[in-house]
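One structure coming up, written as C-alpha cells, with questions to follow.
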Amino acid sequence: MNDISKSKGAWEPKIIAFLCNWCSYAGADLAGVSRYQYPPSIRIVRVPCSGRVSPNLILDALRSGADGVLVSGCHPGDCHYISGNYYARRRFALLKRFLEFVGVEPDRVNFTWISASEGEQFAQVATEVTERVRKLGPATHLLKEF
Amino acid sequence: MSTPKGSVLVVGGGIAGVQAALDLADSGFYVHLVEKSAAIGGSMSQLDKTFPTNDCSACILSPKLVECGRHLNINLLTLSEVLSVDGEEGDFQVRVRQNPRYVDPEKCIACGSCAEKCPKKVPNEFDMGLGKRKAIYLRYPQAVPLKYAIDPDHCIYLKKPGRCGFCEKVCPADAINFKDQPKEHLLNVGSVILALGFKPFDPSGLDFTGYGNLKNVVTSMEFERLLSPSGPCQGHMERPSDHQEPKKIAWLQCVGSRDINRACHGYCSSVCCMYAIKQAVIAREHSSSGAVDATVFYMDMRTHGKGFEAYYDRAREEGIKFHRARVHTVSPAENDNLKVRYAGENGDIREDEFDLVVLSVGLATDPQVIKLANDLGIELDSDSFARTTCLRPVETSRNGVFVCGALAEPKDIPQSVMEASAAALEAERILYPSRWTETKEKHFPKERDVHAEPPRIGVFVCSCGINIAGVVDVQAVTDYAWKLPGVVFAQNNLFTCSQDTINQMAETIKRERLNRVVVASCTPRTHEPLFQETLREAGINKYLFEMANIRDQDSWVHQRQPEAATEKAKDLVRMAVAKVRGDDPLPYNTVPVIKSAMVIGSGVAGLTAALSLADQGFPVTLVERKDRLGGHAHKFFRTWQGQEMQPYLSELVSMVEASDLIDVHLGTTVQDVSGSVGQFTSILTDGTEVKHGVAIVAVGAESFKPREGRWNYLYGKNPNVHTLLELDQRFIKDDPGLKGLNQAVFIHCVGSRVPERPYCSRVCCTHAIDQALHLKEMNPDMDIFMLYRDIRTYGKREHLYQEARAKGIIFIRYDLENLPRVSEENGSMVVKVRDPIIDASVTLHPDLLILASAVRPRDDVGGLSKLFKCAMTGDGFLLEAHMKLRPVDFATDGVYLAGLCHYPKPVEETIAQAKAAASRAGLVLSRDAVPAESITAVVNLQKCTGCAVCARVCAYHAVNMDENSGKAQVDTGLCKGCGACVAGCRSDAITLKNLGNEQIMAAVEAAMEDF
Amino acid sequence: MFYATLEGLRRFNIQHKFEFVSIISLYAQWIREGRLKVDSSWNREGLKFTVQDPCKLVRQGLGDVVAEDLRFVVKKVAGEENFVDVWPRLSNNYCCGGGGGALQAGFVENRRKYGKLKFDQLAATGADVVITPCHNCHSQVLDICDFYGGRWKTTHLWNWLANALVMDDSATGREG
Amino acid sequence: MSTVNEKITSEIREKVRELLASGHVAAFLGYTSGSVPMVMQPLIIRTPEDADRLEWNSFCVLNLANYLPALLKSFEPPRRPGDPPPEGPLPKVGVLATGCWSRNMVIQVQENQVDRDRVVVVGISSRGMVDRKKVLAAVGHRDVTAVYEYDHSLKVSGPGYEREINRWDVVRDNCRTCVHPDPVIFDHMIGDLKGERDVADRFRQVEDIEVLAPEDRWSWFSTEIASCIRCYACRNACPLCYCPTCFVDDSRPQWVGKSIDKADTAIFHILRAYHCAGRCTDCGSCESACPMGIKMRILTRKLQKDVLELYGAEAGMDMQSPPPLSTYKMDDPQDFILTESIKGEEK
Amino acid sequence: MQENNIDLEKIRAGVKKKIEQAVPEANINYCLTCGLCASGCPATGLDDMDPRKFLRMLVLGQDEEILNTDWIYACTMCQRCRYACPMGIDVGRIVYEIRGMRPREKRPKNLQRSCDLQRQNNSTGIPNEDFVWVVGDVLEEVRENEPEWKDLQAPIDKKGAKYYLNQNAKEPTVEPEEMVPLWKILHAADIDWTYSSEWWDGANYCLFTGDPGDWEYTVRKQAEVVDSLGCRYYINTE
C-alpha cells in the first residue's frame, strides 16, 4: 500500500494525531463546528490526556507507517488532569530532541497545545503540520517493512 | 406548612423547561413536564446552529431531550395544556388536559409509513409554514417522544369518519386510534415552573418590510429552517421564489423590537444581533461557493454576551458587512430580488440589491400564554412578559410558581438554562424535605457476559441529516464497515441519535447478539453517554463502545473534498473497530458524597449560593478573601429596576451570619484543593482543612481603573472623574456635592471592546444610563451626555434607555477612530466629541465625567482555576463546561461557577446564576454517592517492578505501592483515568482499562492500513 | 385635502354633525352595492393603469382601506389585468412631492428632486395612465412626468370612471 | 612502592574482611581478575577469608550496581505473590561503588529496587576505567597475554612485544568526560574523595553529531547500529534495565519485531536509550559489554546532556531529588511546542 | 467641508422645547438616530438636510439653523417617516410647528397667499358668485350638449341633501369641464348631493403655513356650512 501511495505523483502525507480529550480533541471538534477546513491527512486518536502518550506510542506510529505524528494537549495550566501535560512536556521535549539526534527530521514529530476554544488554531496546526511533512516526503527511517 | 409534595410541574418543553425538569428529576423530585405540541424541544429545536460556538442546535439539544424523554422521574405530557392550578406553595392541585394523539405511543415505531400514505398535506408549523407535512406527522426528525400524531384539524378521517383512514391501514404496529379521547390529569405537585418561551414576532403588519408581499423576504426563524438540514430544503439554503441559492443576503435588525410605533414592543429582544451574525456566518458556510455576500443593517450592535464580541469581530474580518442603518422600506427588484435603500450616518443615501432579505424578528409572548398566565394569576408586565424583579429573578407574583427562559424577558439559551436551574433551585428550596419521596429508580437489565464470546461488532453510520451525508458517502462507509474483521452488522441512519434509531439500536444489539458497538457520527464528547446507555439497555456493558468522529473531524473540515472525506471516514471507522475489539466490560464505579459545599467568594453570588444550599440543609463553608462579607455589592447603588442594593446586601449578610449551616472564613483564601467530586479536601490559608462534596466558585471580578494610557480621560487626575462604582458610592452616601451640577458626561466602553480587552462588559450601558437618570432626578435642569459606541440595554433595559432619551439625556456616538478628547482648560474639564449625524465637533463642559469602565477578570482567577482544574477564556474569565447548555458547570465535575468570574453580568443574572449553581450542586449533594470513573488504571503485577514512577506522576494520589508486594496498586475511587502513569511506566506494567497501549496501537495500525 | 379637514376637525375639536368621507370610498362602495355599474370593456387596447396614493387621503387619512378601494375602482374601470401596482404602496407610498404646500412654496428645484423618486417609481410600472385622486398629486405628477420625460398620462379617477359607466334607466333616469 | 590500585586493593580487602568478620554484611560484591587479561569479573564473597580474592584495577568496567538487587534478593526467603514481607531485619550486603555506580544505587533506591538500609557501600573515587578495545587498538590488535598497570601507564605484552601505554589515553570515553568520580553515597571510603572533575567539552561527542544535517545524523545512527545482532548485552549490563519483561521481549503489545529489521533495531536502540533518560549515569557498561563495538553510549549521553540542559538535573546525584521525568516545573522549556514556536515567530 | 463646531455650555434647544410644549407627543427626544426616516424620505439630501439630521439639530439646540432652513418647505409633511419610525416621531408635525414659527412675511409668498385667500373663502380667490355661476353655466352646457345627461344635477346649497360635496377650486377657476365627470357619477349612482356657495373649496393651504389659527378657522367654517345644510355626509373629493 505504502509503495503504491508513494509512487503516485500526488503523494499525501499521513499523520497520526494523538489529541487529549478535554482540550485538543475539543479544539478539533470546534474546528469542525466552525467549519475551518484543513487537509484530510490527519487521523485523530483520542486519548484522555497528552500525559497518556508515551514515546513508545509515537515511535509505534512511525513504525506503522505514519509520515508524521502530532501530539496535542491542553495549554500548561489547563490540564484537565492537573499536571498530565507537564509530564508530557518533559517526555516530549526529550523525545523530540532525541529523535532529531538520530536523524529523524525535526518536522516529523510535532507537539502542540490547543485548547477547547482554539478551533481555528487546530485547523492551522493541522495544515501547518501537513505542509511540513509534505515537504519532507514519506517517512522511511523507522518504518517497519512488513 | 405540612410536608410538601415531592413533585413539580414544569410547563413548557423548550430548553428551559427541559433543563428545569432534568435538574429536579436528578436531584430527587418527580417532574410532570407539560408541552402543548406533540414533542418537546421548543424553539431551540428549530434552530440550525447556535451562537457563539456554532454548535448544531439539534445536536447539542438532542441528548438532553432524549435524556428527558427517557427519564424515569419525568412524566412527559405532550399535546397537553394546563387548565388550572389551585392550592398553594407546597401543595398545588393542577388540572391538565392532554389532547388525543390518535396514535398509541406504546405501539408507534415511528416507521413513517402512515405519513407516507397520508394524502393530506398541510403547512408545517415546525418549518414556519415554509414546507409541508402530512396530517399525521412527526414534529421534527429527532422529536422526543418520537411518536407520530394526527392533526385533528386536517385529518380527513377525523373530519369525516369513513373517508380516508389510510394510516390505519398501513400502520404495521396497529398504533392508529381514531377513537382517542382527550384525557384530564389531576396532578398534585409542590411547585410549578413556567417555561413557556416566546413566539417570534410576526412582521405581517409591517408592510414596509415587504414581508408577506415580497417572496424573498423571510423572518429569521424561517431562515433558520431554510438553513437547517431537517428544514424544507434539507439545509441547501434556497430562497422561496425560485429555490435558488441566495448569493447576497441582507439582515434587517430590530424587526418587532425597539419599536414603540408599529410593533408596540419597546424592549430589545436581546438575541437578534447575535443570531443575525450567526446566520450570516452560517449562510456563508452553507453556500456551495462559500461566497455569500452578507450585510447586516442594525441600530446598535448588541453583542454583549460571553464570546459575542469576538464573534462579531470575526464576522467583520470575514467580510460580513455591517451598516448602522435602519431601513425604511424593502422594495422589489428584477428577478424577485430586493432593493434596500439606506442612509449612511451622515445622511448619504445608498441602495443595494439582495437575493434574500431576512427580518431579524424579535421575541414576544404568545397570546395563548398571556391567557394562561392570566388564568393562573401570574402577573405580566407591560410587555406581556412575566413580572419578576432583579432581586428575585425567577419568582412570579404567585408563591410557589417560578418562571424561567424567555417568558420573563427575551434572552438567549445559556441565560434560559441558568434560569431554569435557578427556578429548579427555588422549587427545591420549598420541597427539599420531600426529596426522593416520589421518585422511582432505574433498573437496567442484567448485563450479558461477553468475555468468552468472539467479537461481534455492530457499526452504525450516521448521516446526521446532511451534516455528514452531504460530504461523506455514508453508504460506502457502511458497506465498507461490513467487511471489517469482527463486524457482523452495519447500518446507515439519518439521525443515529433520534429516539427511534436508539431504540432500534438496542433491538439490533439484542437480535444480532452484538457485543461491541461502533457509532460513526459526531463527537463522543456530546453523544457517547447517550449511546452507552443504549448498550446498557440492550444488556451489554456500556464500555464495549467506540465512536468514530466522522462529522466534526471529517465532513465538516473537508467539505470540499468529499472523496478524501469518505476515505477518512472509512479509516476512522476501521480505527474504531480495531479499538473496540479490545474493549472489555468495565465496572460502574461510584464515590460516596460528602454532603457539604464550599463556596468561594462572598459577593452577591457567593452569599446567594451559600444560602441557597444552606436552606436545603446542606452545610456550607464560605471562604472570603476580604475581612467582610459582601464583595463589590457594597459599592453598588441600585439595580436598573431601582431596587437599592445596600439594604438587600445587609439582609443577605445577616442571613448568612445567622445560619448555623454556613461556616464563614473571612480574610481567607483557598490554598490547596485535592480530591474530586463528592470528596474534595481543601486547605484554607487559615489552616482549616475542609472536606466537601462540591465547590462553587464565585470570586467576582474587578472594575477596570483607567489610570494610564489611552483610556485615562483625566481619571485620577481630576477629582470629578469617576468610574461607575465610584459614582455609585457617592449616590449611596447621598453626596450633597452631586446637587446643583450643570453638566455631566459619561463615556462608555472605557477599556471594553478595545484591542487589549476585546469583550463587552455587558453591564455598563445600563448602569451608566441608570446613573444618568438618577443624576437627572437630582438635578432636573442638568445636561447629561452619554458618549457611546453601541447602546446595549438589552431586554427590558431598553425602556431605561428610552426613558433616558425622553428625559433629554443626549446620546452621542463615537468610535475607536474618533475617540472623545478630554482636557482640562483653566481648571475645568472640556470634552470634545464628534457627532456623526450632523458631522460636527461638539464641545462639552462637564463638571462630572463618568467613565463606564470595563469589568475585568481578577488576576487570581488563574490560580483558582488551576486549583480546581478549570479552564479560562482568553479574556481571563472562567470557562464553563459548555457555553450554551452548561453555563454554570465547570468541566471538572462537582465544581460550579457563578457571578462575574464567569462574565460581567448585572445583579439579577448573578443571583440567577448563583441559584443555578446551587441547583447544580444539589444534584451531587442530594445523593449518597456519585458515579466515578470506570476507565481507570490497572496494574499488571507480573510486569511491575515497583519503581513507583506511576505513583510519582499521579496527580490524584490514586496509585501507591503495596507494602506487601512492593508493587503498584490503584485506588479506583481516586483514579481519573488520565493515563499519566501508563505513559510513565517503562515496563508496560500499568495500563488504562480499554485504553491500553495495545488498543491504541491497534487503532494507529488500523489508521495506517489502508490510508 | 382630506387630511386638512379630517385632522382639522379632530385637532381643533370642531363639533359637527356630518360624517366626513372620501369620494374614493364611496365610489368603491357604490360599485360594490351595484349603485354604480362599470365596465372595463372600453379598454380594448389594454391601457395600463397605476395609481398614486395621496398621503393626505391614505397614510394620513383613511389608511390602506381607502387605498385598496382606489385600486378596486381602478381595476373595475380599467380591467383587473390592466392594473399595475407600485412599490412602495398604500400607506407606505411615497409622497409625490407636491404636497405640504410644495407646489405653492416655490422651491421648484427641490420639489422636482423630491419627485424623482416618485417619477422612478411610476416609470418602473410602465403604466400608460397614472391615476392621481388628489389635485396636488395631479399637478406634481403631471409636472415630474413632463420634467423627467415620462410617457404616461396623469389623470383624475373620475374621467375614467364616468367613461366606464354602464347606464341603465333606473340609475340615470334617462328615457328609453 | 605500590601503585594506587594495589593500595586500594589492599584497603578493600581489609575493610571487607572486617565487614564480613563482624557479620555486618552477609556478602560482599567486588571484583576479581579473570583468566583473560583486561577482563575483571564481579565477585561475591561470603567469608572473611575470601577477601583476599578481591582486586581493584582499571578494568573494573561493569557496573556493580547491576548485580546488587539480585544479591540482596538472594538473602530474602522465597515468597509467593501476596505473601507478607519477611519479618525482622534481612542480611546486609556490601558493595564497591565509584561515582557512577553509587549514583545508580541512588536510582535503585529511588526506584525501590534496592533497600538502602541493607547495603553497605564501600566507596572508591574512580580514576577512570580503561577501555580494553582502546588498548587493543593501541597495540594494533595483537594478542595480549599480560597487562601490568602502573599509576599512569600500562605495560602491555604479548607474543613478541611489550609496550607501555599512557593510561589516560586508553581510559573509556565516559570516564574521560566524567565530572563525578566520587561516590555520592558510601558508608566507608577507600582513599580520599577527589571532588568534581573539571571537564571541558563534556558533551563534545554529542555536539559533534548534533551539528550534522538530519540525513547525516541518520546515516551515522543507522551505520552505528547496523552491526547490532540484538544480543541485548548492553541491556543486560545496565543496572537501569530490570523490567521483568523488556519491551523488546513483549508480544502484547509488540513494540518491536524480534528480527533484525533495521527499523526494529533502530527503535530498540531509541527506546532503550530513552528508558534511561534522566537515569543513566554514563557508567559505560553497555558499551563495554557490546560484543560488536557499537557506541550506543552516545545515545544515552545525548539524553543526559538534554536533561541537564533542559531541567538542570543529573541522574542519581541526590536521594531527595525526584527523577527528572517524574517531576516537572511550571516553566519548563517548551520552545519545541509548535504552537509556542509559531507564537514566538509572530512576535 | 467647513468644520462645524458646537459648543454646549448649556443646551437651550428653545425650538425643541417650544414644540414639546405645543405637541407633547412629538417625542423628539426619543430619536434613536437609526436613519430609517432619512432612508425613506424623498427630501433627504435636499438643502443638505434630512429628517434625522433635522431632529438631531433640534436636540442639540441648533435653533438658528432650524429656523432658517428652507428644508421645512422641501419636507412635504407627508409623514412617511413617522409611518415606519420605531419611535413614531412625527417629523411632519414638527416641521408644521416650525413653519408656524416663521413670521408670516418670511414664509413663501404664494403659499401664504393661498392660505390668506383660503381664509377669505377659497385658495384661488375666485368670488363665490363666480363659483355658483360657473357651476350653473357648465351644467347647462352639458344638459344641452349631451342629451343623455339632460337630467344632470349640480345642486348648490340644497338643504337636507344627504351628501355635501366640496370642490377643489382649481376646476371652477381654470378647467370647469373637469367638474362634470363627478356630477355624472353622482347622478349615475342616484346620489342626493349638494355644493355650498360658501367655503366650498376642497383644498386647504392653511394646513401648510403652520398657522393653526388659519387652519382652524377655515375648517370650522367648512363644518358650519355643511352642518347648516344638514348633510349627513361630507364628501371630500381628494
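Read from first to last, the chains carry the letters A, B, C, D and E; within each, the first residue is number 1.
The criterion applied here is as follows: contacts are C-beta pairs under 8 Å (C-beta built on N, C-alpha and C of every residue); 3 or more make two chains touch, one makes a residue touch a chain.
This is a predicted model, so every value here is computed, not measured.
Enumerate, in label order, the chains that touch chain C and chain E alike.
B
Check every other chain and keep only those touching both chain D and chain E; list them.
B
If I rank B-C and A-D by number of C-beta contact pairs, which comes first?
A-D
Of all the chains shown, whose C-alpha centre falls nearest the centre of every protein C-alpha atom combined?
B
Could you please state the distance in Å, as a whole number, between where the Cα atoms of chain A are centred and where those of chain D are centred?
About 35 Å, centre to centre.
Counting only Cα atoms for the centres, state how far chain B is from chain E in Å.
That pair's centroid distance is 56 Å.
Counting only Cα atoms for the centres, state how far chain A is from chain B in Å.
32
Counting in whole Å, what is the centre-to-centre distance of chain B and chain D, each centre being its mean C-alpha position?
Chain B and chain D have C-alpha centres separated by 60 Å.
What are the residues of chain B that contact at least two other chains?
Within chain B, the residues that touch at least two other chains are 208, 329, 953, 984, 988, 997, 1001.
Among all residues of chain C, which ones touch two or more of the remaining chains?
91-92
Could you pull out the residues of chain E that touch at least 2 other chains?
In chain E, the residues touching two or more other chains are 45, 80, 83-84.
Could you please write down every pair of chains that are in touch?
Touching chain pairs, listed by label, come out as A-B, A-D, B-C, B-D, B-E, C-E.
Contact residues on chain D for chain B in the complex?
81-85, 111-113, 242-245, 247, 250, 252-253, 275, 322-323, 325-327
With touch defined as at the start, can you tell me which chain E residues reach chain C in the complex?
42-43, 45-47, 70, 73-80, 83-84, 92, 95, 108-111, 113-114, 148, 151, 164-165, 168, 170, 178, 180-182, 184-185, 187-190, 202-209, 212, 215-216, 218-220, 222-223, 226-227, 231-238
Enumerate the contact residues on chain E facing chain B in the complex.
Residue positions touching the partner: 1, 3-11, 27, 29-41, 44-45, 49-50, 52-53, 56-57, 59-60, 62, 80-88.
Show me the residue ranges of chain B that touch chain E in the complex, using the header's touch definition.
Against chain E, chain B makes touches at 206, 208, 254, 258-263, 299, 324-329, 341-345, 347, 349, 742-743, 783, 785, 802, 805-808, 810-811, 813, 835, 837-845.
Which of the residues in chain C come into contact with chain E in the complex?
1-9, 11-12, 14-23, 26-27, 30, 35-37, 54-57, 59-60, 91-95, 97-102, 104-107, 110-111, 113-118, 133-136, 156, 158-159, 161-163, 165, 167, 171-174
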